[in-house]
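Each of the next two complexes has subunit A plus one other chain: subunit B in the first, subunit C in the second.
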Partner chain A sequence: MNKHKYLVVYTKFLHTSLASELEYKTNIIIDAITAMLSLVGSIFLLSIFFQNSGNIGGWEFEQALIIQGIYTVLNGITNTWFNPNLKEIVRHVREGTLDFVLLKPIDSQFFISFKKVAPSGFLEIILGVCLLFYCIKINQINISLNFLILSLITITCSICILYSLWFFISTTTIWFVKTWNATEVLRSFLYIGRFPMSSFSFYLRLFFSIIIPIAFITTIPSEVFLGLAKIWKIILEIFITWIFLITSRRFWLFALNYYSSASS
Partner chain B sequence: MINNIIEVESLSKSFNISSKLPGLRGTLKHFFKRETKSVKVIKNITFEIKEGEIIGFLGANGAGKTTILKMLCGLIVPSEGSISISGYLPYRRKEDFLKKITLIMGQKQQLIWDLPPIESFYLNASIYDIDKFEAKKRIKRLSDMLEIKNELYIPVRKLSLGQRMKSELIAALIHKPKILFLDEPTLGLDINAQRNLREFLKSYNKETNATICLTSHYMKDITSLCKRVICVHDGSISYDGELEKLLKKLSPLKEVLIVCSSEKDANKLENSGFKVKSKIKNEITLKIENKNVSSSLRTILNNYDIEDLFINEPPIDEIIEKIIVKKKYTF
Partner chain C sequence: MRKIFTLLKVQYSNMLEYRVEIALWAISGIIPFFMLNIWTNNNLNESININNTMLSRYFLSAFFVRQFSVVWVVFSFEEDALLGKLSPYLIQPLNPFFRYFTQHIAEQITRFPFALIIAIFFFLFNPESIWFPNLIFLFLSFISTFLSFLIQFLIQSIIACLCFWTEKASSIERLFFIPTLFLSGLLAPVASFPSYVKSWIYLTPFPYLIDFPANLLSGNKTNISVGFFMQILWILMLFPLFIKIWYEGTKKYTAMGS
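After this line comes the complex of A and B, so read on.
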């Protein structure tokens, strides 16, 4: 793979996406306000849950805020990259414009996953990072090199799992054509990731660990923040990330054999 | 000797297609138990295309022209048979192969809707590994050929259909492809834009010796660009050869309008044994076989007092209609 070429193309993607989005200034402002209100609403909802009992599933409110912070960062990444690009796959397949993507001398998964960037999601990422810094302060977390490396690894794994899940569902479009609802269901499940996994029953924990690995997406990075993460859990998250990335990639290549293009 | 750039042998393609009965009952049945059947849309076709040729694919809607084109450029995997394009198997979509071809679809666009076309050109240039300086040169060359300049800096959504199509062409040709697949490129364009596009394709072919495979429902596109046509009927090739030869075969008669100097001469000519289509006063229209046109005209000019004479070709659309309806042509 020519890394330099991919870097140049990605720079172009960023440039054209930002230029496209900046054509509609009001939309950016509305999205930014929505992101802020959404975060305030989520924290308010979380505080209501903690009002009567001091903790949920063994997690204090200040600790649960870390999960909210990680969720906000991941949601920001979803809104910046996954949502604008992977939703496009459905449109590409329905309208037959996937033809243009497949005929470009560049990896089709790269093209379809990174062509668009929604800058309004950046604000959500920044808000999430700010919330995480606030959590570090109120939970008196010691920032060590070990902490930084593990946080980075687990958050990167979370992003990759989320991407693979989303991409896997979007790929089914090749057969079913319309799969808007499936990605919406996935988003609904992700809302659950704002709460500690230990607050759910055993069977739900099992479901959110094996079937849809929400547990790995938010809870494990939060445990790293609090110094509660066990090393086997981090290794398991890395292994699951690898499985998800490979599977989604192979599934995409397999699905393309069944692409019949739209009629003219 | 010119080499074959495209070789297709015993190519077939089947699709699983579901059908639905009308009404609520049909809808429910379709939802719960979808009946699909395998339909062979391309049936055992074989042909070759030489480098630099312009080939027109003719046929009715649903005959299989676009499916053939999409198999040739590697978008659809064939069910049976083989395709070789410049030595590549298209459906593998190797990077080197993709750099040699381009697909232009009249009804679909690749340009970024909210941005001026120039942004899409530079994005495509980076995808095709073309540096900025070279890209600039190519954009200038193509935009000069297509006579489009200021429009390159206006958002695509504000351009007319003709301007958009010209921009699509630049985006699709920036990497100097050797094989062009064009699926109804003049669809929806006005007569001037159609003519400009045809002229551009002619000069592009002449300049670069690129091979062009074209489908179109505008017969003028076919007659002005293609020497050779492949007629597709119900997934099979019904004719593959020179367009001229096909037209001659399908229209063996020419219509000759003769203006006689008097009505008396016209009456005399009417009864002289020629096949008469119509007669109005001193004007008479005869139907003469292609092979007898020169000898018949010589006889008429020598024996009758003629004021004027016009030879009419039958309308091309009528001939093409015959091609589309009729199943098989053997010559």
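After this line comes the complex of A and C, so read on.
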């Protein structure tokens, strides 16, 4: 593995996709407004839940805002990196252009996962980070080195789990060709990441911890923010991240064995 | 009329090809059930005077109404316009929107069994919420769901026509989808909204998209005559706008790649 080569290729990816996205300037403005409205909407929904109740699932309003912040950051990352590339994979398989990707002297998973960047998601990330800073202020969280390291680790793990989930679904394109709807299912499941996991019933919690680990994606980083996370939970999250990354990689290599180019 | 019927038949057989996809679409609509879980699990409904059973019926109805009023015309239209597929449709003596309209109806027919299966599962987990709405209300809610579908179809068609000017209209649709999502009653019944929102929300089209038909179907309290009046009023306002923007747009249209 030549790290330098991958870095050079990635800067080229960034350059080309930014150039093509900036063609549609008004689009970026509209997407920015959409991201802001979406955040306002979900805080509005949260305020409905809290208007007659002090806490849901043991979380107060100010604490639940942290979850919103982390969700917004992760959603921004999804919209910037995972989503546009996923669309590309579907197109590659349907039109048979995956051949060209496989022939390139570069790792196919790298190429397919990072080819495109949609800058409109950046604003969502910025919004989420701002919300997180605001939450740190209103919850009076002390920023210590320990806190910074732990939150960085857990958020990185969340990003990796999210990436693996998306990549898993994109890989199934090789058999089913149209996975566009499967991603919608994942999207609607991810939606519950906006709320504290403890506010759901036991069976849903079980489902979202074992089968689709959404519980780990937003709730654990938020608990780290509040200093409530137990160390075994963090270790478990790291372990799960590792499993997801390895299996999604294996699954991709396995799926490639079944790839038969289009029209041949 | 015969044209529409033929189109419907063609689109239905077309849709049957994509059964798996439509089943997945149906599953992706289950967000209302997650919301229901939060409401009942935290006893939040006591404050809005709707008991657990009625609330679960409401969310199941909201799921159904959403299933049969989903509109995606802007995405099909944008693709057709960008790839230049629109040109042959424009020459035909039939407004291309009829094609999209029948496509939606055909998809809804295909979707119906899957929605029913999800409802059966819902009843298995919540046996106390089983109910049969009386025939009049069933009929009324069917009509109001269809009207809700028409409103959304008209709004999206108007947005789709903006393709003639901006080429990428789907981002405008995504922007418009946000208030639809939060204000239509899909995630929380409008009855639970704070009063500063309730004071103006009934003047917008949003509560009539999901909240009103879902209340009818589930037997929750709602103002029937005002609901229908507002739905028809919005259709009467949107339809001329659509016709106008369509004529302006087709004049402006220059086929892609030719």
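Here is the rule we go by: the second predicted complex is superposed on the first by the 263 of 264 C-alpha atoms of A that agree within 3 Å, B and C clash if a C-alpha of one lies under 4 Å from a C-alpha of the other, contacts with A are read in each partner's own complex, and residues count from 1 in each chain.
Just so it is clear, a residue touches a chain if its C-beta (ideal position, glycine included) is under 8 Å from a C-beta of that chain, and two chains touch if they have at least 3 such contacts.
What you are looking at is a predicted structure, and each value in this text was computed from that prediction instead of being measured.
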Let's test your reading of the overlay: on subunit A, do subunit B and subunit C clash or fit side by side?
fit
Name the contact category of A:30: first (subunit B only), second (subunit C only), both, or neither.
second
With the two structures laid over each other on chain A, which partner does A:9 touch: subunit B (first), subunit C (second), both, or neither?
first
On the superposed three-chain arrangement, identify whether subunit B or subunit C touches more subunit A residues.
C
Touching A:20, do we find subunit B (first), subunit C (second), both, or neither?
first
Which partner chains sit in contact with A:56 here, subunit B, subunit C, both or neither? Use first/second/both/neither.
second
Touch test for A:199: subunit B only (first), subunit C only (second), both, or neither?
second
Based on the superposed arrangement, let me know which partner A:234 touches: subunit B (first), subunit C (second), both, or neither?
neither
So, A:41: does it touch subunit B (first), subunit C (second), both, or neither?
second
Which holds for A:64: it touches subunit B only (first), subunit C only (second), both, or neither?
neither
Overlay on shared chain A, then closest C-alpha pair between subunit B and subunit C (Å)
6
Residues of subunit A that lie at the interface with subunit B and also at the interface with subunit C:
24
For the subunit A and subunit B complex, residues of the former touching the latter
2, 5, 8-9, 11-13, 15-16, 19-20, 23-24, 95-97, 99-100, 102-106, 257, 259-261, 263-264
Quick check on the complex: what are the subunit C residues that touch subunit A?
18, 20-22, 24-25, 27-31, 34, 37-38, 41-44, 46-48, 166-168, 171-172, 174-175, 178-179, 181-182, 187-188, 192-194, 197
Considering the complex alone, what residue numbers of subunit B touch subunit A?
15, 66, 70, 73-77, 93, 95-96, 98-99, 101-103, 105, 107-110, 112-115, 119-120, 122-124, 126-129, 155, 183-184
In the complex of these two chains, what residues of subunit A are touching subunit C?
24, 26-27, 30-31, 33-34, 37-38, 41-42, 44-45, 47-49, 51-53, 56-57, 176, 178, 180-182, 184-185, 187-188, 191-192, 195, 199-201, 204
